[in-house]
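What follows is a set of structures to go through.
Paired with subunit B in one complex and with subunit C in the other, subunit A is shared by the two complexes that follow.
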Partner chain A sequence: MKIHLKYPTLLVLFVMLVISSWGFVQPKERTESIKDTSKTYGDKNRTASEKPMPIYGNWISYDSKNGLPGDKAYCVKIDGDRVLVGTHEGLAVLENGNWKTYTTEDGLAHNGILAIDVDPLTGDVWLGTMGGLSRWSTGKFENYTQMNSGMPNDLIYAVTCDGKDVWVATGGGAGCYNTYTRKWEIFTEENAPMHEPWTYGVCASNDKIYIAAWGGGIIEYTKKTKKFRDYVDPDGNMEIDLFPDDGVVHDITTGASWSNGILWVATYFGLSRYDGVHWKGYFDHDSGLASNFINYIKAKDDIAFICTDQGLSTTDGENWITYTTNENSKNGKTILLNGADKKELATSPSLAHNFTIGVDVEGDRIWVATSKGVSRGQLMK
Partner chain B sequence: MKNAKRKTLLWMLILFGFIIYFPGRMLARHHVNYKTAVTDHPLKCTSCHVYTSKNKFVTSLINEDYYSPFNIAVSHDGSRLYVVAQDTDELLIVDTESNSVLHQIKVGVHPHSVILNKANTLAYVSNQWSDNISVIDLAVSKVTDTIKTGNGPSGLTISADGSYLQVVNTYGSDLSVIDLSTKEELKRLRTGSDPTGTALSPDGERLYVTSRRSKIVPYGEPLVSDLTEINGTTLRVSEHHNIEEAYMMENIAFTPSGDLAMMTLIRPKNLIPSVQVEGGWMMTHGIGVIEQGANGRIIQLLTDEPNSYYSDPFDIVVSPDGKRAYVSNSGADRVTVISVDSIRAILKETPKEKLKNIANNLGVSSRFVIKRVPTGANPKGLALSEDGKKLYIAEQLEDKIGVLDTESLQMEAPIDLGGPSRITVARQGRRLFNNAGHTFQKQYACYTCHPDHHEDGLVYNMAGKDMGRNVTNTQSLREIGDTPPFKWNGKNQTIYKQDGMRFSTVLTRTEQFSYDDLDAITAYIKRGIKYPPNLMYNPHGKLTESQLRGKEIYNRTKDNFGNVIPENNRCYTCHPAPLYSNLKAADVSTLAVTDDSILFDTPHLGNIYASPPYLHDGRAATLEEIWTVYGEDNKHGFVNDLTKMQLNDLIDYLKSLGGPEQEENSTQIQETASF
Partner chain C sequence: MIRRNDCVIETIFLLLVLFCTTLNGQEKKTMYGNTSEEMFPYHKFQKAYKYHFIEPVQFYGAGREKQPPKDLTEVRIGFLGPLEGSPIVSLGQQMLNGSKLAIEQANDQGGYNNLPFKLMVHNDVGLWGAAANEVVRMDEEKVWAWLGSIDDIVSHVALRATLKMEIMMVNTGDPDPTFTETNIPWVIRVIGDDRQSGYALASYIFDTMKHDRVAVIRSNERYGRVGIMEYSGVAVRKGHPMRIEERFNMGETDFTMQLENIKKINPDAILIWGNAKESALILKQIRSMGMKQPVYASDRTVSQEFLEIAGDAAEGLVSTCPYNPEADNPKLKGFQKAYTQRFGMQPDVFAAHAFDGMNLIIKAIKKEGLNRVLIRDVLTDLKTFQGYEGVTGKIILDGSWNDIGKIFMAKVKNGKFEYSPVPNQVPEGQGNKGQHGGQ
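Right after this comes the complex of A and B.
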């Protein structure tokens, strides 16, 4: 008996597609470093709703009038007892209650500092600037530029220390600097699944690097195999999320941060959370997110700290807290959203500005970089 | 009749001999005159054709295997010496009672230093050319473990609690912290350039690492070297001290009370014309004193004297009572004995503003130098017995351990390690290379500007009388034997000329070497200096993907747009393997306004990664800068069509290059690079 099919080739292709797709969904093939923790957190026996979200208050702000070299703060990093703030006019360091500024005159590559990370092993500070990468060690700067080294581009948006490697996201691709061999590797659309070389964010997990590539979604790099894969918006470059939770919410990604098995992705069109299996999208209209326009994201333990143009939001994936300010009065609001339960607390003073660009959290302290200075908050009991 | 025939034959032979001899001799004379650039060098064919032969049979006949002791450790009870024999890759265990070698333990390649654990049960030996540490169980005198390190391990310390081994990586310019419980590298800390020396403070709180090369500074600015200070508890760098106008800080030691740390150093005057040597004060040698405690001053004191220099200070040790320091002057075959109390007095009396000036004072040594003790050839590592009564000196080119009675300050009978008694021509050449005796007032040896037979990373105003004209970047001497001509302007056709007539006229301002000595130093430079293995960038002789792509760019004939690159503008044209030089002069558009109008000799590229800065005047701080900053007109190879990734690949390939030997031994098969 002969079976006649109208579209035999299509059928074969379809069957092959189904068979091959099994390989992608088999549990063994899943990324082991990313756990399915969509409902449970750090302590697996407790759900998100059981674990209280940290609330910060007692805000104190600093700008050019009381310590910073300028008002525009791009990034902030807590380094032990000191705080490092990247501004448009140099590096401001708060230590023992005093601010000190370092600029190109002190050896910095460029005064506009967009990113800061500290190597936890060596204590070296790596500064991504608008004119190169500076390594700041014991008060001395060593600069890497596209002219004097193999670094991809001088415009550096993000820096991440990962063991012996320092990763940068630049305007000319992502770069990996091996501090042992002093060699740079460059990743662009030529050798990685990027849409274009413009990269905005980079973060590390135990075995992977995640690069937020402009127009290219999230690029995942497996350290062991040195292989890439990308996560792009299945809806294409549409500004609405056509099918919810089908992938990263948009291809124009502005940052990524990994913590406790969860990858958080910032875009200009909303927030994404990826647990290794499932994607979940968050928007200002269906969550407590202050704005879909996200400048920066930082995950710490189970909490994501999201810097938007309308204030700072924090979430554990279910509960939300957003900090905003009245830019005229400096008084502001802390908005708590737990399911449908919404509360607003008056805060005085509040953040320096709603346009938040950078954040760091350590212990009971939070520091937020805004376009009108930097703010420090304390954990409220 | 028979006799007549014989006589005729004899006369014919004599006639033939004369015909051969006179024109032959004339030709030989002409040949030797050309090679040596003098007219009276003896017509000894052996000078070139035997002493510099590459034939393995010949070299086995004319050379010997010396131990070349480099560093030493002494057991607590003083009964054993542990001697690093650098040229035989061994640790020698010496009985100080019988003065005999008890054990010869094979370690890694080109060992540098040895340290014992507190209980004296284990010895750790750093193997500079195999990037590892040999762990030796002293109970059985065997290597029981090998620990991986960074690139070029040298100086060693053990943390106060015995948990960590801190290994200085000379070629990597960093420090590996090894967890001795796991024997794994915990982290690597950045140090200054080309470090070797390290010392831990008596309280274990402070670790210093000295560097030998200066940071790269533009010509015209004084050099500055890094002294790295590491917190002994957090094992993080706590300070990078700038040591101004000094380099070659080989070793460092603390006083037992911990009030001072002292390091050896050289203060070169590379910014003034080198003819200044006849006026003295061209290269000066001394110590750096790092005051501990609140003041924290760092001062430099010359150990030289106004008309007599003690070149290449190498090691420094301090007596158990903290009153004396001993410095080995490798280029002067001396140990300088220093009164530490006198240094303390100088520190106390000298106002802060005068401390900087004192660094150039050749007379100040009279205040603290107690004695200069003559040693065997090329004293390197020093070790004091625990009671401080004996100072052991590794006499590298004597193959002996010198023994100094520290009470009488008299040398005792040395400990013969049992090496060859014959001094070969090449060994004599090495001694000359390392000895400053042939320079005006013994200011410097060849080794001074060519440490490790390489280069010191400085730019000199060589030979010129005009300040700042024709400045040149010091070139490496590693495996240069087959790369004539020499000098950046290629004016010296042979090493004979470079080290003979020119050497005395320009560099030493003394009588030139005797011809026997010239034969010896030429033989040594031409054949005795090897590249260290390129373990950082080409450890297995197999190129990486990036290096393969770089090799394709190096050998390309067309640019990225398919246009043919003119032959004289391709990398391989001027830098062909295996020497990576076509031995010709070229214009690569790097002539400076301060240069005479000349072409530049094409340098070889072997181990180029280890020779920053680059170009004839050292203007390029990195390989990248050769093209990103100084290659705009595409005259130094056609490169401006390259993407940043391609340039990185090309540089990655360049960094993989070794010498001709690596090229010959390389088993790598050219694969197709994937772009």
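Right after this comes the complex of A and C.
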């Protein structure tokens, strides 16, 4: 009789052992699973993760000593042959090797410029400032504020041109300005699935707009149907991420960028990648991400350029390159992480500063806005 | 023999099970929110993959090398609060008074290197997201740090703006737990939040008073929605989920519909979460409807306004208070005397905490000089001012720079609030030390 009882007891204990082990997801297991969702390139046997990551170097930096009106650069945009840099003290434009600064005296809404986008249809430059939205067209600035145009708030964190529309993200809601009708449409918790109207990032895909909503995760807006849906961290708690790949890593989102079918989401708690079906989370302890504190993100082709407070990281979702600098010298390092293989390359000179706030990439050029100047890098052969 | 072997095998399995539950465990202790193991989300079911707020986020940006202008004639400190056009103007005025008193006392002692401190006052109510625009104005005014505000909506919007402007924010009035759960290294909060209040109320209601079926009526805006969250989470974890959650709007005066719904389920106790005025009216109406249950409330009821409106109905109400205004603390007595002399009224909780918060800003400026980043560094280092003895008691910040110092129970007896320690409170500085698994 006792022998008959022994096996059920062991079975119960064994089942308990298996169940108790289940919840604890190991980083290694997660890394293997992402391969299933990787994009396939023209060469069918080659995945995005196997395509070589671009490496940038030969950094040249500019600050208040050699061209910028101030040291702190919030954003940068490559516009053909010229480069636009938003600083705390005005808009700096590099053209034909010379810097020129534009301020409120020239007509800007405010000297603090946090976001820049260029309308590919018209060539107009749209500047999100601390005191309104400025449109720079044919050499003149036209300003939009809460008082004169019904914009959601004067402090603009992000601006994105999408066809005839210009989208802005503000602490008072997201706004869509129709350049044809010259009217604003405002999106807040009243008419979109946000807890509050605090929006800090906006980007466009072919058929959708993605809004990074503080405390509300990502708000997806389908242009054709004008319908919203939201993506939040399913665990519902601010102090933890219960499961790493179950949704956006945190509800406090700070930016979003879409490219080649992938949405990348920045937070101050880590990075998220969404391929339309699966979410994947990245933290500094389980990936090559320089830091969980992400100021800004820009996706270009298959690569995400991630501006963190401890360097610039780039990734294709699997491989990582991080650019950092040494505060005490002009040297820095480039850290390459390919699976378990980690390599460090010395760079001299390096990025202007580790605290990276903005980035733009075009062709073989990369520009990075930092806490202490802006840096230009070249694609290394 | 067979029984003995069974025991050995079972013990081995049990040890294996216990080992597996800590396999991926992190050794570092969380520094967060005075949250005991029992109160941590999902603690009974699942270790989290990632725990936040284990280490305070540092600020790695530039700016520490910046020298102050040489032509300064005053040292500007910003203030943001509800001063007009808001239902909580009375709280904002007290917060402003507390700040003013700290500034005036500092100036009486020579200011900063003989430069007077000057308060740059901003109202936080206005066009949508007005707080963001006000922080921009403070940046233009070149304030070195600023204090504010009370309303969650204002504080959150201002926090994101202050990160961009890189101006240190000291909050002394917003109880929203999520406010410091943002990982932004440019803010400290020196007042207990609704997490502490929720934990204390839940412990008192379920452990001390042994209630089981509790009904909740809360304000239908962010203060009520977010404020009740921590209480609600703990109530569930203690096995006593809310039996009903009714809502009311600010300015509402008739709560018959909500209270009829509550009356129908005959709860053991009722918890009100709202501002003083509406809470007092609800309490009066509860009693006028013949409901005799014990009533508990959020800490905004701990005010003269509440006692005056509620009258006799207030008797027996239990709430929490972020400090003990009757503590035998010479600093507090001195502050109360000076405040009453200066403003002709008794200081409330917002005045006392603003006085402490503004003094921290002044001390940080005196210690580090006129550099925004260095002022931030010293206020957030969790060393220099950790355990600072203010008029509200000892200020202890956790890893998210949230005040986890002592709070108190407040019970109305003979028409006034009496204060007592919170039941089962984790000893100061030893809270939030639960070990959690995952990374």
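Going forward, the second predicted complex is superposed on the first by the 334 of 381 C-alpha atoms of A that agree within 3 Å, B and C clash if a C-alpha of one lies under 4 Å from a C-alpha of the other, contacts with A are read in each partner's own complex, and residues count from 1 in each chain.
Simple rule for what comes next: a residue touches a chain if its C-beta (ideal position, glycine included) is under 8 Å from a C-beta of that chain, and two chains touch if they have at least 3 such contacts.
This is a predicted model, so every value here is computed, not measured.
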Which superposed partner A:I60 touches (first subunit B, second subunit C, both, neither): neither
Partner chain(s) touched by A:M380 [first = subunit B, second = subunit C, both, neither]: neither
Touched partner set for A:G270, first subunit B, second subunit C, both or neither: second
Subunit B versus subunit C as contact partner of A:T138, first or second or both or neither: first
First, second, both or neither for A:W214, with subunit B first and subunit C second: second
Which of subunit B and subunit C A:Y180 touches, first, second, both or neither: first
Subunit B or subunit C, by number of subunit A residues touched: C
Subunit B versus subunit C as contact partner of A:G172, first or second or both or neither: both
Subunit B versus subunit C as contact partner of A:L114, first or second or both or neither: second
Contacts of A:P152 with subunit B and subunit C, given as first, second, both or neither: both
Contact residues common to both interfaces of subunit A (with subunit B and with subunit C): 146-147, 152-153, 172, 188
Parts of subunit A lying in touch with subunit C, wherever the complex brings them together: 2-3, 6, 9-10, 13-14, 16-17, 20-21, 23-27, 71-72, 74, 110, 112, 114, 130-131, 146-147, 152-155, 157, 170-173, 188, 196-198, 200, 214-215, 235-244, 249-250, 252, 268-270, 281, 283, 285-286, 291-293, 309-310, 353-355, 370-372
Complex interface listing, subunit B residues touching subunit A: 150, 172, 174, 186-190, 229, 234, 236-240, 536-537, 546, 621-622, 624-625, 628-629, 643-645, 647-648, 651-652, 675
Residues of subunit A defined as touching subunit B within the complex: 121-124, 135, 137-140, 146-150, 152-153, 164, 172, 179-181, 183-186, 188, 190-191
List of subunit C residues in touch with subunit A within their complex: 2-3, 6, 9-10, 13-14, 16-17, 20-21, 23-24, 30, 32-33, 35, 41-42, 45-53, 57, 59-63, 127-129, 131-133, 135-136, 139, 153, 156-157, 160-161, 164-165, 177-178, 181-184, 222, 437-439
